[in-house]
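After this come two complexes, each holding chain A, first together with chain B and then together with chain C.
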Partner chain A sequence: MRRRTADREAGAGVWPLGLPRTGSWTLVGLTEAVSVLGLVAVFSGLVGLGDDNGDALAFTTAGVVLTLVGFRGRRRVFRPPGPTPHSVITGTGILWGAMIGLVASVYLATGTIVRLDNAVVEAAAGLTTTAVTALPVPEVSRAVLVWRAGTSWVGGLAAIVVSIVVLPQVLRGTALPVFATRERWLELVPNYATGQRRVAALYGGFTLACILAYLGSGLSPTDALVHGLSTASTGGFSTNPDSFAAYGTGPRAVATGAMIVAGAGLFLMWGVFRGRARCLWRSQELRLYFAILVGATVILVTGGDGLGIADALFTVVSIASTTGFATREWTTFGSAAVGALLVTAGVGSMLSSAGGGIRVLRARLLMAYGRRELRRQLDPHAVVVTRHDDQPLDDRTLDQLGGFSVAHLTVVGCGALLLAGAGMSVPSGVWSAVSAVSTLGPAPEAVGAFGHLEGVTRPARLLLVVLMLAGRVPILSLLASIGFVLRFNRSTGRRARRLSRSLRRMLQQRRLDREPRISPDG
Partner chain B sequence: MHVIVVGAGEVGSYVAHRLSREGHDIALVDLDTDRLLDMGGELDVLTVTGSGTHPSTLELAGVDRSELMVAVTSDDEVNLVASLIAKQRGVERSIVRIEAPELRGKEAAKLLKVFGADLVIDPDQETAHEILELLEYPGASEVAVMAHGEVIVIGVRLSEQAPLVGRSLSEVAAEHEPDWEFLVGSITRGDQTIIPRGDHRLLADDLVRVVCERRARNRVSKLLGLSRGMPHRVLLLGGGRTAEILARSLAHRGVEVVMVERNPARARQLAEVLNDALVLEGEITDAKLLEEADISRFDVVAALTGEDDANILACLYAKSGGAGETIAVVHRLALLSLLGEAGVDVVLSPRTATANGVLRFVRGDVAAVATFLLGETEVLELEIGPESWADDTLVSELGLPKDVLIGAVVRDGKARIARGRSRLRGRDHVVAFAMPGSVDEVSRLFG
Partner chain C sequence: MADPTPFSSTGLRRHRRRYSSTTLHVSGIALGFVSVGMGACAVLELLTSNRDTAALIMSGAVAAGVGAGLWYFTAPGSVRNRDVFSAVGWTWIATALIGALPFLLAATFATGGAGLTEQIVNSIFESASGFSSTGSTVLTDFERPGRGLLMYRQATQWYGGMGVVVLAVAVLPFLGIGGLELVSAEAPGPASDRLAPRVSQTARRLWIIYAGFTASVALVLFVVPGPSLYDAVAHALTTASTGGFSPHPDSIGHFGSLTVEAVVIVAMIVGGTSFTLHWRAVTGDRSAYHRDSELRSYLFVLALATGLLVALLWLKGGFGFPQSVRAALFNAVSLGTSTGYSNATGPGSMADFATWVSGAQVVLLFLMVVGGCSGSTAGGIKIMRMQVLGIVMVRSVRQSQMPRAVIPVKLGRRILTEGIVSRVVGFFFLHLLLVLVGLVVVTALGGDLETTLGAVVSALGNMGPALGEAGPTANFADTFSQPARLVLSFWMVIGRLEIFPVLLMFAAPWRRFRELAQVWVR
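Here is the complex of A and B:
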């Protein structure tokens, strides 16, 4: 038995067709994602029973098929030892693209959406946890609402696992991204398996807490479920077209608190879980996160738009955590308020959150980076060390940060230009690009505070998909996966040529072997 | 007493010099034959070439009849092993130089006990401590703190404007009757150092060492023409351990610290560990760098590298550039007397601070010792033993040699400047100025 397990892990087993099992991190991730999405679809279908049984059956069926395919597929692939940075970075991009295709297929197969572009937009919005929708929310069934929120929940989980478990583990020792202190990261993610388990437990536990809190605040079970999934994942999907404008102070207060935690991320949850909440206050990232929340709230309250503190805080928290719930049409506020919200959206959530944006930590380090460069200009001999949580950062980390920021801003800038070219006004294009890359969603004018895409042209919608993907998938992964696709054709050709050469040599050898040999004595 | 000194570097050779002059039998061990030849020519010591970690080398140095091992190479491990071998061969006491912070403190105490280290010394730390004491008295050339800080010995070169210049000591004393708060303990004029008497007249450029009570230090500083208080801005040239320790202490006291270090990796390391200090990367003799650092705004510039030439040159540049006080650490003392005239305000050597610790340990019955780079005077802090005949005796009746002067008496933690009419008691601490030849006699007197 042990021997068979070892053989299976080592890839010694064979397909029914005689092909060997495949060792691939990308395929492992993909089959696991398919399984989870299948289970979510089954769950959506079951929840939808009694509302629209046609939808419920369709989702249940689709879910069963996906689950079976996922589980069967998972048995045919195994994790090869020692994933390389290249394979993980490339795999992440491919995985995300495949998941979007899969979710879009479910939308099309169940008949929820009939147009391919809308299905892709909806799938991308869900998986990237961006609060925009092409669906007419009041008309869709319960199963669709839960499925939509479920996709954002899966997308949020995948984002966290990739960004705080997989990438740092793989890049450990080469270019460990800065999350918090290295000790705190190692405490949460000592190794791949434990880290994944802890992240899933924290994320799942937080989701459950959100759902229960919403139930306690008076929401219906379906509303609580959908909002709970959307809050934990910072997806921002609501069961109402007017989002939280339809609810009273109780659900809003729960949402505000839950969004603050969701935006703060898993390190906060882990610290609280381990009873070290006081130590967390030493985190410069957390302090800046709260400073941004307070600062933006003050600007909104004093901005002359007649906003109360609770409403202002809700709006700021929703945007800072890149969730995208709304209680007011904030896009028509005064320019100071909208400007403050644009900066808040651009900065986004903390690094261990499912939210998006350039992230609070990177924003802080960028300021430090700017200070360092300014200091170097003023005093060329000065040795300036940038610190995070009292730990010095090496120049390589800061250079990586600089590279990331340039890539991020380039994507936003190009996105804004292209969106303007696709029919949006320039301010709306800029806002929409920032919002999409930060996986927020809502933006002034075309999209609005409630994230409806009816007024957005088809090219602009597809551009938004690309921008959402760029915001969710690490930019490095996106570029690497594009490079992989381009290289694939070249390498396939090379392999084919090598194979034909080998075959020719083999045949030639056989011919030689068959020829009668002449003995030395004649 | 037979003493083995392992390491003939700056510290080791100075310790050997001081101990041999006191009549001890010294064996100096080092790997560098040339250096030992030089030392052998200068000092009355036995030189042994070899490693202090080799029992055979130590045998040649006479480890079996030795009473004290002084292991002061710049390598902690060598010092520890030398101490261990010495202890195993029956040497009673051992002094070990340790630089690694990990081998100091409470955690390392057990380890050091295993290696038989009775006294741990760190020249870098001692030097940093000495500079810190000096910085509290800007303008002073030497500062020694005795009797748990109750008595302070300040050495200062008198400027022409100093209120004491041109007056005899009896005139100064008469002015401060009935309670003296300070006493001039020694005067170095040119190459000659004396223990002064009442008729000695103070002249400009005299290096005087004054003992004073802690509470009177501000008034005495003023009288000596010194300003008081820590400087606000300090420039440290060189990024060695001394500079690092100093920068940490100064930054802790709120002083703005700027450091210059030429090694990029070390500069980066310093910038990482010193949160509140600005580290500049470059040569300390780079005039452009010093100009860019705006050298004139610094109250103190301390050159602490291992290169005397660079230290002196940088201090001269700093002085000409308008910096406040300049402090140079020097290792070769040949040009010592010229540095003051050239514009270096204070000259320090790691050897003196270290030697003070060693001498105190060797003498055993001395609570503290202060020796100085210029002049041979020593300041000793001694406790009057309960059986000493000095108990219940007036200072004037002690019959002290001419080159000994009682400066202060500390009773129950309170210091008083000693007068002829002061009566000594058992367990009093006495701070005395003495020339090296009278040190033993003084020790016997109070022991």
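Here is the complex of A and C:
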């Protein structure tokens, strides 16, 4: 057994056609994602059995094919020893792009969506856990609803695994994985395998709890399933075009509580699971998260829009956790309320959650960054120590965090510029860019609080796909992937130029050979 | 920098029958200079319309009296960083407040039954907008003030362009130690550049080139058919300072002359370039412009923005090509240099960018944020900082791939120290934080999201006109409530002093208060 494993890791096995097995972290991730997506498609098909349309059969067939391809493909690839930061960062971006392509092709193959751009938008919205949809929700079958929510669930899981398990292991000593004190992280993720198992168990358990709670609050099984998957993943997809406006106080209360937990992330769940809930109050990130929730709720309640505390809290929690459920058309509230919600959406959820945004911890550390610079202005030689949860952070980490945040804000700024160029108004463009990069979805005017894309032009939809992807994939991964593609193009160009040069030389030589030679004596 | 006295950090201390306080001393000198401007404008008023002569003379007397009192009864004390920030910050606050007196005493804003509070708020707003060389206005009736008072309004921007503290250091070298710190705290840009071994010489040279440039612009404008001598001087004062005030309600659009616009465009570009660079070029360093990477980027940004605007206006705005080029070039340069002139002939006219397509407005918003070169009179974040931020972003991507790599930040041929880099990043986050805080506060005080966002960005970047209802032909008094106008006035001063001095100006008084409190407790 040990020898077989060693052989496999060394790439000693061969394909049936004689090709060698490939060692690639990207391909391993891709095959695993294909398998999981296949299982989700099979599950969606099974849920849809009994409906008088062909969706159940189509999704089951597509799911079986994907699962088989995924499992067979997984046997042909292996994890190479020692992943480099470069390979993981670049691979993450490429993997996410491939997953979107795959899910879009499922939509097209099953006939759920006929236009390519809509299929890509829907796939990206699902996998990036963004609450916008191009689907005519009241008309689609149960299988499609579960599949759409299932893609959000897979996307949420992938996002958490990448940000909590993979990147911190690879990027030790860089700012990207700063999400908790090292001790707490090591408790949850001592190594890859255990970390993945624990994360999957916590995420799955939380999803199950959400589904049961929704069932208990009076939702139908399909509604409970779809909303449970969408809540745990902060996806925000609903079986109702009016989202939670169609439900009573029971489901809304469940959703509010579940969204708070989903936005707080896995460390909260891990702490509760380990019976250390009291220690969580020492978490500065959690305290700031609650402070943001309370502050924004107060602004909404006192904003003069006649909003009750429960509705205001629901809206704020939905936006802070970047879930995107709605009970009211909040985009038409007063400017102060909409402005406060914009800031809340930009900050987003906590770092170990499936939500998006610049994240609460990073926002806190950026404030600490600003405070450090103010302190240094007063005394340039002062040694200013920035602490997080009583642990000192070194300057290099803070500086890298600054670079990351600049990249994040640059993407938002460019997104707003391009969206406005694609026909949105200035506030709508800014809001939509912030919302898409935070993987929230809803925005004033074009998209609205319920996340319908009918009023959005085709170029704007495709821009939203890019922005959603930029928000879901760690932004450095996205930039590194773009850099990789550019380098690849450059090297391909160099190769092509070299080839054309040698061809030219060859032709020139041949022409010279054909020309009649003149002897020296005439 | 070493403090020669044990108690100087407490601010006030007896010193040869005079109290030692850098803040009060510098404020007194600055007020003295402002009183000279008021006196000169009073003479002009007396010789021309003679309506507001008394107001100007009384204001000049108050400014001179207060200034002389502060100057005579105090002596420059300690020049630790906190004292420098306190001196610069409070000097600007005092200047803006005393500078509002002529408007208040002349009842400039007593239109439409405005009460005393409204008049006070409007006077402070106009004064803050002038001294910070912003250019936002609450003046509706341009026929009411006399020519001398209107010239004083122009002169406030000229004072603010290079800075009253720089003027104080230039003219009064006996201010003693701390001159460099004072100039650095007031001068725009991340790092001050010396032109001579003595800082007073540097300050003097800056003012010489500034005055020379103003005179040149006035001469060219006077020679060009259209503006009278009064108009030429008035516009030269606000072009050199990139302020944007005009004695006419429709700004440069009043002349309706392509030649005048061309002269103003060139002058604005020169005003948005580093004056240090101009001095070097004028004194024989021919390649100074060519070597400067910031200048190249600045011209590139202006060209790119103009190109984008032309494309958007021509293809989507329904303008003809020549009109698009004229409107795009003028407004791109006007906002890119933070001047804020308008060539619109009235609300809804072709050059009124508040009515342009949203994509064009976002381009202008981007220009408002970026601003001109460091060391110039322009506002905004500054090109050099944007360059550094871009490099920091790329460095973060590279460092995440190679966690142990030490990658210096290189700008042109210069390697920047980590201190400057972190100061730039810290400035950027504080700038962003102030935009968000301003957005929430001003929307809470009334105003729609687009207008407020534009106004806050404009105030912090010292632009002048904003978007939405606060466009180039609009009036801030009609758009914002009184408290919102006061907040925007404060934001203008913060933007002019580039954040740090204003945020830290309370540090010295706070320390003094603490020490006094300790003495009282004992």
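One rule holds for everything that comes next: the second predicted complex is superposed on the first by the 479 of 522 C-alpha atoms of A that agree within 3 Å, B and C clash if a C-alpha of one lies under 4 Å from a C-alpha of the other, contacts with A are read in each partner's own complex, and residues count from 1 in each chain.
The rule we apply is simple: a residue touches a chain if its C-beta (ideal position, glycine included) is under 8 Å from a C-beta of that chain, and two chains touch if they have at least 3 such contacts.
These numbers were taken from a predicted model, which means no experiment stands behind them.
Look at A:G423: by the touch rule set out above, it reaches chain C but stays clear of chain B.
Looking at the shared chain after the overlay, A:D379 reaches both chain B and chain C. When the shared chain is aligned, chain B comes close enough to touch A:P392, but chain C does not. Once the two complexes are laid over each other on the shared chain, residue contacts for A:G111 go to neither chain B nor chain C. Of the two partners, chain B and chain C, it is C that touches more residues of chain A. When the shared chain is aligned, no partner comes close enough to touch A:G218: not chain B, not chain C. Once both structures are placed on chain A, chain A residues 379-380 are touched by chain B and, in the other complex, by chain C. By the touch criterion given at the top, residues 379-385, 387, 390, 392 of chain A touch chain B in their complex. Chain B makes touch with chain A in their complex at residues 260, 264, 267-268, 270-272, 275, 278-282, 289, 292-293. On chain A, the positions that touch chain C within their shared complex are 84-86, 89, 171-176, 299, 334-336, 338-340, 342-343, 346, 366-367, 369-370, 372-374, 376-380, 395, 399-400, 402-407, 409-410, 413, 416-417, 420-430, 444, 476, 479-480, 483. On chain C, the positions that touch chain A within their shared complex are 81-82, 85, 312, 358-359, 361-363, 365-366, 389, 392-393, 395-397, 399-404, 418-419, 421-423, 425-430, 432-433, 436, 439-440, 443-444, 446-450, 452-454, 467-468, 500, 503-504, 507.
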